[in-house]
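Chain naming follows the written order as A, B and C, and within any one chain the residues start at number 1.
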Amino acid sequence: MTITQLTERLVASYARLGGINHLDGKNLPSKRAIAAITIDLLRLLFPGFFDEKLVHSSEIKIETANRLHRLVGGLEDEVCKSLEYAPPADVPKKEIRKIARNRTIEFLNSLPRIRELLQTDTEAAYNGDPAALSVEEVIVSYPFIEAIAVQRLAHELYLLDIPLIPRIMTEWAHTRTGMDLHPGARIGPYFFVDHCTGTVVGETCQIGEHVKMYQGVGLVAKSLAAGQALRGLKRHPTIEDRVTIYAGATIMGGDTVVGEGSTIGANVFLTTSVPPYSLVIQEEAKVKVLSKKAREQAAMDFQI
Amino acid sequence: MTITQLTERLVASYARLGGINHLDGKNLPSKRAIAAITIDLLRLLFPGFFDEKLVHSSEIKIETANRLHRLVGGLEDEVCKSLEYAPPADVPKKEIRKIARNRTIEFLNSLPRIRELLQTDTEAAYNGDPAALSVEEVIVSYPFIEAIAVQRLAHELYLLDIPLIPRIMTEWAHTRTGMDLHPGARIGPYFFVDHCTGTVVGETCQIGEHVKMYQGVGLVAKSLAAGQALRGLKRHPTIEDRVTIYAGATIMGGDTVVGEGSTIGANVFLTTSVPPYSLVIQEEAKVKVLSKKAREQAAMDFQI
Amino acid sequence: MTITQLTERLVASYARLGGINHLDGKNLPSKRAIAAITIDLLRLLFPGFFDEKLVHSSEIKIETANRLHRLVGGLEDEVCKSLEYAPPADVPKKEIRKIARNRTIEFLNSLPRIRELLQTDTEAAYNGDPAALSVEEVIVSYPFIEAIAVQRLAHELYLLDIPLIPRIMTEWAHTRTGMDLHPGARIGPYFFVDHCTGTVVGETCQIGEHVKMYQGVGLVAKSLAAGQALRGLKRHPTIEDRVTIYAGATIMGGDTVVGEGSTIGANVFLTTSVPPYSLVIQEEAKVKVLSKKAREQAAMDFQI
């Protein structure tokens, strides 16, 4: 088997299986470009934290202007590609570049508002974790800050009806933090997720203020045969203010509402609403104390 | 304490603790080279998706030939290193390079077949997730596609008895996606894992068609004193066709079979087989509604 | 809206929301520099494993000396920055550089001791996992080895009262492995966590010898209103020798002690102590076998 033969077999499979090629199509947004843009946006949101050298306020204005200048063109190009990929209804093709520019500016204009939200999240993280020595430690080392900053950025692009880019941004953060916050989720201020890994927040979630969650929490949809037919419907739960959800709890369904001030214990699987101030926990686990020999046996087959 | 003294103490520890050095040994496959090879393989599997510039079908043949030419030499070198590290039985040392070349070609020859499987997985992901706007969005942004593509590649190398490389490939994907799919697992078509983070599929798992899973699902082995003595035995469960497994469920043991069409609820710990069309869920969690004061007390000690 | 206007609005927000800027402040340790230092430290701990070219013992002394020379200056700079950020009590500012140098040397001097611990962890990983073909495979491909090596390094810096750096190091490993081992945790020899993703070990945990855990295990603190007031108190559990903890189990609270030789089943939520040789598992999940039609209905609303 020669390279030429391998090439022919592969190219034949490209022709045969069209579904997973992207040939002659519209250019898709570049994951690499969007990663670089996201990093620049994080530096604009948290000035001085992610730069190698110390930033002085005397320089901050020129630094910020330069960073915005670098950013705006590249972001506009990616927005344009994603709008060409899925054009808004009744928009003439020649208008798309202009729409891309306007939405890019509108998005950048939301950065101060996003900063206000992120300051509440940072405060919640610091106050909520005795292991945190300072706000600086939270910002430089907590994966949560990166994950929520990217989600709040992506949420603005989502509200501006930019396709693909918001999801590429949150998946970039998902890879780095292990937390999958969908750009569509509506998340209130003073949000904190400790440890992050494995936590999932679905597209149509609504999360109130001062909500605290841990690793491995799922706010998810039921898996229904209907599948794509459900797009656009509210499929994910509503979490009211001041709710705490411990590690590994899964809360499912668009009609499920967790009332304010409730606590959900670890590894609970909740598929129905609970009233305010509920405490929801699993049955106590069985504890059996066995002889060393009996325990080894039991460890093998989990009989009691 | 000088650098010289630090050096001497460290070098002495290298001599004393041989187990975790790799000196004078055979050259091991390079993680960095294998990461680069894996990225090239993903581009061959999904042409046009991960390239910066748009690919036209007029160029695809020459692009593919060039990519294969670049790939084949480097891959053969790594395969050769891993075979020298653990030589096949009764193979003269001078034969190893030839065997490495043959297995490399045989592996590359499986790419069209792997693409057929990946098209079924992509279809399952798109159909199974109302949040997905298009097949393109699934391929460019879902970690699942990367994880399953790498596992299906690594599985072919595993079947060709190439040591080390398959596991290095799947651990590369594990780092990026949070999902640990062992190269040995036999996974049927139309597979989909939503969100991926924390999901583990063990070496001797058998998974049927149209199986849908979520984050944090473990298809794992019992932890037995026997340890290494169990190598080669079936230690992980069998999942039949059209099974759905919700987040955080752990299914354990080589004799455990989940019958076709079953649904396993979130956070279930299953160590025995269940018949077709089973619904397996935990006891409902206890819900107690408390006064605000009582709730805060309860949140502290989890008494009810 | 022009770039100039965007710049002014952002700079105004920097002035208004001081909490999440780092301007005119002390220089913080550089995440990028600490990542590079951590990689060099891993190469010193596992010589020959992460180098592209084969290392011969004839070269190892000079290689080690060169690596230490490269390392020591950069590490001392970062230690100095973090001590200037949070100076030790009653230390004159001009002493800080000297203290940084001494603690850096003291830290590097602990590497042989760390290697002794890592050899026990590597042995535990190899013996505990039948899927492991060799110790080499464990070291080159298991995320656990990287995670525990970084934690044992960071723990030494933590004991030397170096701020920020230990946490930046363990979060670097958290991003790569999905496992969040706090630098403060006291972890005995022969430790092994299989798969790693989602596992969290809190700051004040104490873990004995020969403890084996799986993905998604949380050794965590209760979430209390007290928050920062609890800093320094023991908030996380104690795990005695030869305990096995299966995937997704959450063990909570500073007074919680899991007695030696115990086994904790998957997805258990444990908030109280258990005596030696306990077996702790959830109630068996309910299994109901339904007609195909009934099952589809049930899958939608999880009624039984």
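Heads up, the rule we're going with is that a contact is a pair of C-beta atoms (placed from the backbone, for glycine too) under 8 Å apart; a residue touches a chain by one contact, two chains touch by 3 or more.
Quick caveat: nothing in here was measured; it's all calculated off a predicted structure.
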item	value
Interface residue overlap between copies chain B and chain C, same or different (over half shared)	different
Between chain A and its twin chain C, rotation from the CA superposition, multiple of 5 degrees	120
Chain centre separation (chain B, chain C; CA means) in Å	23
Multi-partner residues of chain A (each touching 2 or more other chains)	178, 197-198, 216, 223, 244, 248, 252, 265, 267, 281-283, 299, 302
Interface residues, chain C side, partner chain A - complex	1, 3-4, 6-7, 9-14, 17, 19-32, 85-86, 163-164, 167-168, 171, 174-175, 178-180, 182, 184, 197-198, 200, 202-203, 216, 218, 220-221, 223, 226-233, 235, 244, 248, 250, 252, 261-263, 265, 267-270, 274-283, 296, 299-302
Complex interface listing, chain B residues touching chain A	44-50, 52-57, 60-61, 64-65, 68-69, 72, 105-106, 108-109, 111-112, 115-116, 118-119, 122-123, 126-137, 139-143, 176-178, 195, 197-198, 212, 214-216, 222-225, 244, 246-248, 265-267, 271, 281-283, 285-292, 295, 298-299, 302, 304
